[in-house]
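This report refers to the structure that appears directly beneath it.
Just so it is clear, A, B, C and D label the chains in written order, and each chain counts residues from 1 on its own.
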Amino acid sequence: MILQLLTGGVLLGCVYGLVSMGLSLIYGVMGIVNFAHGALVMLAMYVSYWLNTYVSLDPVIGTPIIALIMFGFGMILYKLVIKRVLKGPFLARMLVTFGLSIFFINMAQFLWSPDYRNIQGAISKGTFMLGSVFIELPKLVASVGSLIVAALIYWFLRKTKTGLAIQAISIDRSAASLMGINLEKLNAIAFGIGIACAGAAGSLLASYYYIFPDVGTMFGLVALVAVALGGFGSTEGALIGAILIGIIETLGGFYIGPEYKYALIFLSYVLIVIVRPKGLMGWGAD
Amino acid sequence: MANNKRFIYTLLIVLGIAIVLPLVLKARFQQHILVLVMLYAVLGEAWNIMAGYAGMVSIGQAAFFGIGAYVSTILFVKFQVNPWIGFIAAGLVTAAFATVIGLPFSRLRGRYFAIGTIALGQMIKVVFENWPWVGGATGMIIDMKKGSFWNFQFHASKTGYYYIALGMLVFVVVYIYIMERSKMGFYFKAIRENEDVATGLGVNKTKYKLLAIAISAGITGMCGTILAQYQLYVEPAYMFDHTISVTIALIAVFGGSGNIIGPILGSVILMPISELTRAWMGSSGSGIDLMIYGVFIVLMCVFEPDGLMGIARKAGRRLEARREKEVAA
Amino acid sequence: MKKNSLVVRMVLALMMVAVLFVPMMGSAAPATIKIGTIYPLTGANATTGADCMSGVEMALDIINNSYDIDFPFAKTVGIPNLGGAKLELVVGDSRGDATVGMAETERIITESKVCAFFGGYQSGVVKTTSMAAERLQIPYVLSDATSPTLTERGFQWFFRVIPHDGIQAKNALEMVNDIEKKEKVDLKKLAILWENTEWGASVAVELRKWAAHYGYKLVADISYVYKATDVSAEVLKLKAANPDIIVHAAYVSDAILFTQTMKAMKVAPKVFIGMAGYLDPNYVGTVGADAENIFVRGVYGLDLAVSKPYVAKINELYKKKYGRDMSPNAARSFTAPFVIADAINRAKSTKPEDIRKALLETNMPASALITAYDGVKFDPVTHDNTLAKSLYLQIQGGKLRVVWPFNLAAVPYSYPFAWGK
Amino acid sequence: MSELVVKNVTKRFGGLTAVNDVSFSVKSGEILGLIGPNGAGKTTLFSCLTGFHRPDAGSVVFEGRDIAGWSPNNICSIGIARTFQVVQILQGMTVLENVQVGAFLRYPGAAAARDKAIKVLEKVGMSKRAPVKAVNLTLPEKKRLEVAMCLATDPKVLMLDESMAGLTPTEIQEATSMLRQLREDGLALIVVEHVMEAIMPISDRIMVLDSGAKIAEGTPREIASNERVISAYLGDKYVKRCKV
């Protein structure tokens, strides 16, 4: 049983991690805590749903396409809104994403009605046994996706010129701009990538999870805690934080009681952050 | 000093309007909006003490709000204690709770604190949901009594609740006005601006952070009692709702935080918009009302990040410039 | 000097608010009989709210227009005893929130001067909406929320048509008992699974009570957080308990998630009973074949048409309008406007007090209802419907078929429960 | 007459010993210059003395009490104040308000604190800037404001961390005369400075840190001719300049 729980926890954690990494990247580069991340995951789920309905694109196979679409959307969002608040005070930066979240959720309701939808017959359906452990295929696929995304981000940040420049900004903005780095463009790209991660997450989630306007809220909240737990600005930290949360959720849910599982997640966040005020792998200013 | 006087006169005029308002707007829904405006103005001010002045941004005020609501309700339902005593007790218990919780929380900074408060709100909610003595998820119903000031219940008209909330607001505004000019206010702001500098200048940051949290929580808890008495029903899902926490922060920031007028302005504008758009468009179930609300917040953050007070200040400067021109001419 | 602008700003702000208030000032003279209702039209339960609303709209259509159906108010236009005055519906959105629900109810009652109120759907919301009606002394007819606490408050103006959770829980275990007898099996291990909300908690209380009464062993008593992102811990717990019977009280989003996770983890009880969310057309639509053979608590099923021919006709009308069969949720909500219309018709008045008196004397026969109740007659003290009764349906071929009580069953139930491929 | 006596203070960060067994003392009416190359541990030493770091070993005795490990605010309230190497002020508040925060320590009443703050601003020559938001000041002004904030707490010991960096020669003149004035007022001053022209003439004694350890202490003249100091830190050009 414990093995089953751990497996389930890690898989779930990877799914959360997928949502969290984009959030963490965005924070690391532009210091914005994106409370609209859950709503963007929801939008990606709808995009995935419509692509599946109209052009029979499987959500798993379509993940890169949806990530690309969301990348574009992220760039537009950056140009229209985020760019304008970057220089604003901390609170405005924080609340603008609350506003966006309220807007997106209700826009989805307005455009697509509150009905639940799900994608029938995605290629990753069903379960299989690995020894005595059940593994849900869609979650496994999402987890693998999550690891691929983590690897891509790692590669991008460390091996590409743009990625290195983005890292430079997240360490020291003013120095980076002195070095002739085009902040504007890089911010837009980084935000786009963050949202693309939300896109990938949404698409993989859509392969097994039902879709409705409010679906992203809880994912967004858990992801936020995962990012804070891992330490703001560290994508690896976000993934580790998310996996930790997944394990706490399944183990705690089983041994202590499902009604307490979210409370346990939040409690462990508070305990960890009190001991390590910058999260597990965090650095930089508050 | 003349400015101060003018400021106080302005406040008195506004207070006068506020006192007369429910006599003009008599419809029940209008009065409902008025009650909410007042209640959220107080909640916004309470948030302001903690976040606007002392720099600890909370998105978990619902924890304090709900605890306050439950304290008075438990006292009334289980021990038949008059809600007015419950009202005071709510403030005290919530403040005490906040002090205990604040001790570890005061170590957290910036967004780690903010997310910590989100976590706190969710945890407290779960505790109450699973606490059979207070009705668990089913909540508690407050028996309807004869509507009177003494019973803290008003049925024929909502003006009673309105004036209680208004009274709270006056109290809180006067308190903040004095605080702003006193050692406590300066120390709060110093902590907000730079904790290291503050402690280097002899500010006991833990003590003052706890003070800010406790005062803010106490006021928020008392507001919880008002809402509990208003709807005569408490349930964890509503009293500890994350939306309450978000709305409180939105109102204060929308109006302009770290400022005595900001949260009031925010509540005066935002609450009617939220309630009226729902009344006009909500029955379609399309979500248009909340879309408008969302757009409003985004626009405000984008174009006037300092909130309504930012606009007011700019307009003031422009006015001043024009007057100077006139004088010159 | 800059403070000076404050005065200007303040006045402007106040003016802005005043402007917002203006359109609410006037209210039209009542040419029709206005009745108010409220449902969660946005938020997590919006889909169910919309489903309920379509039932309500159907009811109003039948009352206000003339149709050749053998059903009260169908052949006539409007309320006969009031010269054919039509009912006009004023709708509010509770957002699934108690405070909003109360405010909307009050607004509708005072602004639109409705003479009666109904609806609500979620028990937690109905607690405050009914409170608002009680304060304003407007009759409130509830036909879709089941928490027993609602009628324990001794309200004067509040009436409930639907059986409360106590009766429904009792019926669930009675059905299991009947199945055991018929199949000659012995099912002992009961698991109850409930969302930790006002409604879920009260279902759990009633189920525990009746489980003890009927001698079932409670092997799992699991509550979970509403709108969960993942329920594997809950389902594993369920699996560890290995129950014969599972009763699940959930709204639709969790019903979907649990069904999928239980199937994935191969948790298969002999009898699987679902409540509330399982009735939602979205549920079957989303999980498809996985819903097969789940028993669902309900008060209505299309199969009732066998004994009540008008059920089929009303469903036809409904289908023409909404393109799908009437769901049990829609049918529940459909009932309240008729109870109100009946009371207004007998009272020959739209005064709230007269309607209240008429409601107390309500005695509607089973033939005036599309639901399975034996009629509508309110208990003089609690105002619960003494003739209320619940049905059990089973999802067969994607449709909800009436299978219990056996005398009303349209098709035989299928036993034991098993997951499809 | 009070004296700050530091004995064997050591501070380690992981494997790095930032302050290594440093002892010294400073008393009222005395200016102690503290010099050393970058990374010598000067700022860390300040932080150990003012409570921002807890020393791993050693004692810091002031007026008969060992204050090592006390919190910064308590150390401030017994009369030890410091400025920061990277200027630290309350950016969003006005100059007057900044100083008032310091003044509240000894004058809890609002009016008294305000009077005190105005007096201190006069003393440091910033009265005219009182209503300006601190964020809008020039860097030298910010440094001066920081000193004013410390002075408002009526310190007996004042530690200045590179307060004269970036000042013009005239401004250095003003600053040094202010420091002399403070010495006459009876304060004990510990001054970290890179600007040798400023620190050499005003210091009564100079202490030199290198790699966390004290390598020399003496009058400016002695230090200027100390071989070890020259090789460790000063270099030839400074030696020539200082040999007056």
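Note that in this section contacts are C-beta pairs under 8 Å (C-beta built on N, C-alpha and C of every residue); 3 or more make two chains touch, one makes a residue touch a chain.
Predicted, not measured: the structure shown is a model, and the values here were computed from it.
For chain C and chain D, what is the smallest step count along a path of chains that touch one another?
Step count on the best path from chain C to chain D: 2.
Which chain would you call central, comparing Cα centres to the global Cα centre?
Measuring from the global C-alpha mean, the nearest chain centre belongs to B.
Please identify which chain has its centre, taken as the mean of its CA atoms, farthest from the centre of chain B.
In terms of C-alpha centroids, the chain at the greatest distance from chain B is D.
Rounded to the nearest whole Å, what is the centre-to-centre distance of chain B and chain D, using the mean of the C-alpha atoms as each centre?
Chain centres of chain B and chain D, defined by C-alpha means, are spaced 43 Å apart.
From the mean C-alpha coordinate of chain A to that of chain B, what's the distance rounded to whole Å?
One centre to the other, that is 31 Å.
Could you give the separation in Å between the centres of chain A and chain D, each centre being the mean of its C-alpha atoms?
That pair's centroid distance is 47 Å.
On a C-alpha centroid basis, what's the spacing between chain B and chain C, in Å?
One centre to the other, that is 35 Å.
Residues touching two or more other chains, restricted to chain C: which are they?
In chain C, 42, 46, 49-50, 196, 223, 225 touch at least two other chains.
Among the residues of chain D, which ones contact at least 2 other chains?
Not one residue in chain D touches at least two other chains.
Any chance you could list the residues of chain A touching two or more other chains?
Each of 106, 109, 114, 213, 257, 259, 262 in chain A touches at least two other chains.
Quick one: label the inter-chain contact graph as line, ring, star, complete or other.
Chain contacts: none of line, ring, star or complete; other.
Can you list every touching chain pair?
A-B, A-C, B-C, B-D
In the complex of these two chains, what residues of chain B are touching chain D?
Checking each residue of chain B against chain D gives 181-183, 186-187, 189-190, 192-194, 196-205.
Given the complex with chain B, which residues does chain C contribute to the contact?
These residues of chain C touch chain B: 1-10, 13-14, 16-17, 20-21, 23-25, 39, 41-42, 46, 49-50, 53, 90-93, 95, 97-100, 102-104, 106-107, 109-111, 124, 127-128, 131, 134-136, 147, 149, 153, 196-198, 200-202, 223, 225-226.
Which residues, counting only chain A, touch chain B once they are in their complex?
Spelled out, the residues of chain A in touch with chain B are 33, 81, 84-85, 88-96, 98-110, 114, 213, 221, 224-225, 228, 232, 257, 259-260, 262-263, 266-267, 269-270, 273-274, 277-279, 286.
In the complex of these two chains, what residues of chain D are touching chain B?
50-52, 71-74, 76-77, 81-82, 84, 88-93, 97, 100-102, 104-105, 108, 110, 113, 149-150, 152-153
In the complex, go through chain C and note every residue touching chain A.
Of all residues in chain C, those touching chain A are 42-44, 46-47, 49-50, 196, 222-225, 227-234, 236-237, 240, 252-253, 256-257, 260-261, 264-266, 282-283, 285-288.
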